[in-house]
Amino acid sequence: MNPVNYLYLAALLFTIGATGVLIRRNAIVVFMCIELMLNACNLAFVAFSRMHGNLDGQIIAFFTMVVAAAEVVVGLAIIVSLFRSRHSASVDDASLMKL
Amino acid sequence: MSFPLLTATAALPAIGAIATAAVPAARRTAAKWLALLVSLATLALAIIVLVRFDPDGARYQLTESHAWIADFGVRYELGVDGIGVALLALTALLIPFIILAGWHDADPLETGSKRWRPTQGFFALILAVEAMVIISFEATDVFLFYIFFEAMLIPMYFLIGGFGDRAHAGSDEKAAAQRSYAAVKFLLYNLVGGLIMLAAVIGLYVVAGNFSLQEIAEARANGSLDMATNTERWLFLGFFFAFAVKAPLWPLHTWLPNAMGEATAPVAVLITAVVDKVGTFAMLRFCLQLFPEASKWATPAILVLAVISIIYGALLAVGQRDIKRLVAYASISHFGFIIMGIFAMTSQGQSGATLYMVNHGISTAALMLVAGFLISRRGSRLIADYGGVQKVAPVLAGTFLIGGLATLSLPGLAPFVSEFLVLVGTFARYPVIGIIATFGIVLAALYTLVLYQRTMTGPVKPEVSAMPDLRARELLVVAPLVVLLIFLGVYPKPVTDIVNPAVKSTMSDVHKKDPKPEVEAAK
Amino acid sequence: MENLIALLIAAPLLGAAVLLTGGRRLDAVGHWIGTILAAVSFVFGAILFADLLGKNAEDRTLIQHLWTWIPVEGFQADVTFRLDQLSMTFVLLITGVGSLIHLYSIGYMEHDERRRRFFGYLNLFLAAMLLLVLADNYLLLYVGWEGVGLASYLLIGFWQHKPSAATAAKKAFLVNRVGDMGLSIAIMLMFTTFGTFAFGPVLGSHEKPGLVEGASEATLTGIALMLLLAACGKSAQVPLQSWLGDAMEGPTPVSALIHAATMVTAGVYLIVRSANIFNLAPDAQLVVTVVGGVTLLFGAIVGCAKDDIKKALAGSTMSQIGYMVLAAGLGPIGYVFAIMHLVTHGFFKAGLFLGAGSVMHGMNDEVDMRKYGGLRKYMPVTFVTFGLGYLAIIGFPGLSGFFSKDKIIEAAFAKGGTEGWILGGVALLGAAITAFYMTRVMLMTFFGEKRWQPDAEGHEPHPHESPKSMTIPMIVLAFGSVFAGGFFSIGDRFLHWLEPVTGHSHGDSPVSALTVTLATMVVLVIGVAIAYAQYGRRPVPVVAPRGSLLTRAARRDLLQDDFNHVVLVRGGEHLTRSLVYVDHTLVDGVVNGTAASVGGLSGRMRKLQNGYARSYAVSMFGGAAILVAATLLMRAV
Amino acid sequence: MSAVAVHSLWTTAADPISKIDAPKIEYGQLSPTLIILGAAIIGVLVEAFVPRKSRYYAQLFVSVVALCAAFAAVVALASDGYATTKAGIAAMGAIAVDGPALFLQGTILLAGLVGLFTFAERRLDPETHGNRVDSFAAQAASVPGSDSEKAAVKAGFTTTEVFPLLLFAVAGMLIFPAANDLLTLFVALEVFSLPLYLLCALARRKRLMSQEAAVKYFLLGSFASAFTLFGIALLYGYAGSVSYGTIAKVVDGTITTVDPALVDTMGNDALLLIGAAMIVMGLLFKVGAVPFHMWTPDVYQGAPTPVTGFMAAATKVAAFGALLRLLYVVLPGLRWDWRPVMWAVAIVTMLGGAIVAITQTDIKRLLAYSSIAHAGFILAGVIATTPDGVSSVLFYLAAYSFVTIGAFAVVTLVRDAGGEATHLSKWAGLGRRSPLVAAVFAVFLLAFAGIPLTSGFAGKFAVFKAAAEGGAAPLVVVGVISSAIAAFFYIRVIVLMFFSEPRPEGPTVAVPSPLTMTAIGVGVAVTLVLGVAPQYFLDLANQAGVFVR
């Protein structure tokens, strides 16, 4: 079937992820949504790679995964430390600084 | 490569400023003397410049030119024409008096940290201002001029905001608030003007490709550089706005009364007699030379504003309760005259305007400094707090009266010559404007005499009954100014001789001829 | 010889400089320095006068060029002096009367600790006045013009501790400034019209006018009217007369010298000097005569109602100058007589004022005539001199006033036509009123029974004759007021002396000179008679009766001050107040308003920064969306 | 899709690749980056093996040496002509070695070095339990206020990991402006972002705020990078390659080898435009342009001040470098599409930053907003799309970064019991207490405000000049207006410091070690030198103003 559909899917996933970021409170979930967005990108890469018939896209996908993994490491560390000091992972509670 | 006289004239006070600032806190008096000596040395240099300047020689003399920021098309170009020399001399002349008059104005009241050195700061800042003003009178590179035109705001700002009138010295919170309000107002007003000018400066570069006043003016003259009419007008407005704020021209004047009211008298003199002159000077040198056509285009509007300034300023001066604010509004009125003279586009008008800058500097200095002495004695700026001073301090009253008479430009005193020239120059081309402006002389008499009557005459108020007369230092400040006022009043030739050639070339820049008299003298 | 001209001015100027900067150490001798220098100036004047008499009429003009004052492209003002018959006349009057009054002041100001300063001011005045009459161009004249204004300001306000004095001084200066405005506009007009404002080129001589001939009548009328405005200010002519009455706040010698003999006549000088301009501007001349006529009556009427002796004399001064202006307005017929009356008036009016001063001196500075009475016994010299001055001013046959005033009335009729009749009638009426109010003054002061009481401190005034230093000048002036007129008129000496400058023409009068003289006599008698009936026959009430409407108005200077007060002063105050308000709220308000609104905007935009990461994300997302949309849109359009 | 197509794909994929020629790496030209990365790894090893007491010194030593060496390398490369004549693409098209890259790398390295000094400062806080402490948490893992934290403090722990983190960040920043394909761009972005996220969380005082800042920065940052990545994907889809050169060719249609797949994607501008927009958005986020700026104030306030300073300076430099390269190398063919949009962004950024800053009450937030406004000014230069534009931006960045670090360094000096006294009210009368510090800070503020004779003015003038010449005169006008507004709040601080009476309970000014002094000194020196005699540096920027294709 036409790889373009995969692009639509990717776009859809990306949007879902973005929406999640915007509406969910829990830092972990927000973070997962971001991961979802990254994976949407991966799907797009692979699909394009398939369309162009070259391998760049697929390789990029691997890089993305690694980067995502690194983000997880850093991100979880930060979120956890926040959680431990506040006993809450809600991003809305973390609003000491404003205005 | 001769000795860079102009650079030296500007550099000396600059170095002096640094040196003064470096004087240790305890050695306050040493700092004062240092500053005074530096200013006197600068005066000496200025006199040398004056002597070396040949009125009938090249338009710009003692020129210096070095590469500076090639990338911006900026060169370090100095040179003075007659107008520049006159104002340079005025500046160098007034600063020693200002320093002497402010001798005790900056003695620290409260003991801050031991590194807090208000006195040193005060005099250093004055010298810094002098250096910047001098160089902006010398600069023949638009960018160079602009830089110091802007930079001088900072020391001025600290002088206004940092060193209040002894009238409300001390921890009086309200006074402090008013003072910093005045300082901020001064700075923002001028900064906005300057920034708008910056846009115009950049525009000028885009059009002309460099900043050399002479080159551009030449190119404009021989038509090798033609600006689109609208471009020229926009650029002109950009420049003029900044100068009009500095000058100040109605309705951009409201910063001046605050600034002069809150600052100490010497600083007030520094503002109105020295710094503001840069504005009017720049109109004459930059607006007219760079944008002759646009200048002519804008002339009617500017003349109207100038006349409004004259009348409006005078009327407001009548309505003031505060001595210094009164002088400030009087100055606004006078700046109206200067600007009117510049844009009347007649030789008499422009010579008069230049002369006016010099005379106004001296007369305001005389009046304001004496007012300062008066205020420092009574500790109040309110006219109502005085009365009968003439009886207890006749010399003070006398000098004050002379300053006042100079302000109302009494014939025989310097300002009369310039004011009449401006009037006659304007009248020659714009009779109606000229006549309206003439009402200014009546109003000037009104506010001056009312001020004198309320403060100096009448029964002696108990608060002033013990007021000491002028002390030696103060007399030393005032007397020379008075002498100068009288001398230039009866023999202004030395100044006019220097100024006339420069005015002539400015007139040719704007392609203007003086109107011919209706009836030709049968010769 | 012309080099002496500068010395004329230099002497009193030096005196002023020395006395005003000299400080206390000169207090002892100050008044002598001042007097001597004034006298020196008079001596120089006399020498020059002799020199002029030595020459024949047409080259009696000396020019002294000192230095170029204002050299500007196309504009040249020189410090040059012109001494011709006209200015010579003034020089003698000024220095002569001036010296006498210096002498008088020594006695009069004896007890004033600021006497040195007073003499400094007097010298300053002499210098300025001489500069005024000697200047060879209008701008230099302007310097003297305002110089005398300054001197008068300083002298009127000499007793500054009195608020009334300070106010009067300020008023005088301001009103004069209005006049000066006229003068400066006139000069500007001349410059734009002729390219110069020096007497020589502009005016020329009366047989051969200068550039003025080339100019349009409209321009000349403009110039002339502006000059007239200046003259009105300086010579206290309607409508700028209001300051003269208050000016009497000054010491009496000042009133005598400045506000009677010399300064106030400067306006007449200006008009006569500018004869060639006025001759070519008939409309302006008409205005001049009208102003003169009106002031003549105005001053006379005011003079009738005042109880303050000096104010009464001030009114009379106005009215007499009205005569001169009227004469000057008549053109060549009148110029000479204007000046002649000016000189004679200088004598008798100065004498009268000194007499008044002497009276006040003896009466603890009491000025209210209703508190005088019967003083002739106590101060005979004053009485006699004052009496001679009185006879002179009312035009008693044979005395100075008779000759000069008579000629003016005659000339007024000679103007011809209805104008002539009207002006002549006015002049006659003025003569009658003059006789009335001067008789009134005379009677109230020197005749009747004594009416003075203890003053506020309770000590009775002891009227006594004044010291020699005061009486001598009075005597001299009395001589002048008796004989000057006759001396001038016999063989038309004065006419021939002045004619070369002013020119002269004999109008054909509808009424013969004799008729005029007789008429004058008649009205004179009538005036005196009425006055006698009112103040001589029955006792003068110490408290002024309410009097008729006119009297009350006249006491208040015909409500002219009230008008000024309401219209100018009040109006001005309101104007400035409202402007101050406008400046603060509107002009400044716009600026502060802008600042405030930016601040408010900032405060509102700040709220967006609510600290919630998610809302930040929203803004980012929205931003991204807009970015994308915009980019696409750019392509679409 | 048809089976044949699928088969063909499989076969091509299945074909044994005859030989893969080993990648050719120009180590010399990449040396700056490599040195830093190497040093960073050494730093990690140091953490692992060197005893705790001497770690600080070891780390400091390693980092200083590395940064200096790297800078030397940059200078060497530049003087060797790689900035101009020998400019080229290295690492198989991944990294460009050209003028802008080297100039910015040099700037970043110096900024990093100065920043490092502020990191290493340990004289400001009072000694705790006889140990000198720096501004980083004793033990990041320990809960604020918990016993474990107290224990860590007592034991005199210090988070010396900050040094390797700094180095990693620097390395990423070095690559970022030099990246010559989108993949490298993305990787570099993450490489310097992640360490910064961590550094933000490591404040010793006010740890809650610090952690909050980290979370916000992290979430929003990765959110942004997700967008960037998607944009990259779309561009890749459009051009069939991530290499700048190829994409540029495809965009302006000068590409030679066109395969059928490319033909139909090339035709689809939506891919291109949306992709470009999303990448640009990611970069704008990093430079803190409105409306992607909202993280800036919070993060700047919460992060440890040395980190803020470093971040504010270096991140901007790197991000603008990348933005320039993207717009000038990849998307010049798209100029007419992105310029108007960027105009809008620049305008709202200049005005927004300036206006909101007026009402700030915390000095760090104030500086944050000012940095936003400055981003707007720089954007004005970016939009010029002339060589002048490039060099003016380069100059501005160099000038700005030192002022920023200096300013934040001064902020670290003003302290009270609760650590740094960042609330403006506490700065009242500072000029009376310690004129020198106040004066220095005033100099920085004036430079921010763009008063003549400071670097700020030279930079602002250069940028506006370029913009005006690039036909963006309205931008210049908006620029001057917003700098007028901006002047107001800089002035406010000066008023506060000099004209208002000192508070009795006001903060004290700590006497720093030579480290911070150097940082501040360098800041002042650069500010004045670039203000008075900028010509030399302008020349540098001009030479460096050309991108390699």
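Per-chain numbering from 1; labels A, B, C and D assigned in written order.
Here is the rule we go by: a contact is a pair of C-beta atoms (placed from the backbone, for glycine too) under 8 Å apart; a residue touches a chain by one contact, two chains touch by 3 or more.
Computed from a predicted structure; not experimentally measured.
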item	value
Chain labels contacting chain C and also chain D	A, B
Common touching chains of chain C and chain B	D
Farthest chain relative to chain A (centres taken as mean CA coordinates)	C
Pair of chains joined by more contacts [C-beta pairs], B-D or A-D	A-D
Centre-to-centre distance between chain D and chain A (centres being mean Cα positions), rounded to whole Å	24
Chain centre separation in whole Å, for chain D relative to chain B (CA means)	46
Chain A-chain B separation of Cα centroids, rounded to whole Å	65
Distance from the mean Cα position of chain C to that of chain A, given in whole angstrom	97
Chain A: positions in contact with at least two other chains	18, 21, 30, 91, 94-98
For chain D, residues contacting two or more additional chains	215-216, 219, 223, 227, 297-298, 488
Two or more partner chains touched - positions in chain C	595, 606, 609, 611, 613, 617
In the complex with chain B, residue positions of chain D that touch it	431-436, 446, 451-453, 457-458, 461-462, 464-465, 468-469, 473, 476-477, 479-481, 483-484, 487-488, 491-492, 495, 498-502, 533-535, 538-539, 542
Chain A residues within the chain D interface of the complex	1-3, 7, 10, 14, 17-18, 21, 27, 30-31, 34, 37-38, 40-41, 44-45, 47-54, 56-57, 60, 63-64, 67, 70-71, 74-75, 77-79, 81-82, 84-86, 91, 94-98
Chain C contact footprint on chain B (complex, rising order)	185, 188-189, 250-251, 253-254, 312, 315-316, 318-320, 347-348, 351-352, 388, 390-391, 398, 405, 410-412, 416-417, 420-421, 423-424, 427-428, 431, 434-435, 438-439, 441-442, 445-446, 449-450, 453, 456-460, 490-493, 496-497, 500, 503-504, 507, 514-522
Chain D residues touching chain C - in the complex, by the definition given at the top	215-216, 219-220, 223-224, 227, 269-270, 273-274, 276-278, 280-281, 285, 290-292, 294-295, 297-298, 336-338, 340-341, 344-345, 352, 355-360, 485, 488
Of all residues in chain A, those that touch chain C in their complex	18, 21-23, 25, 30, 91-92, 94-99
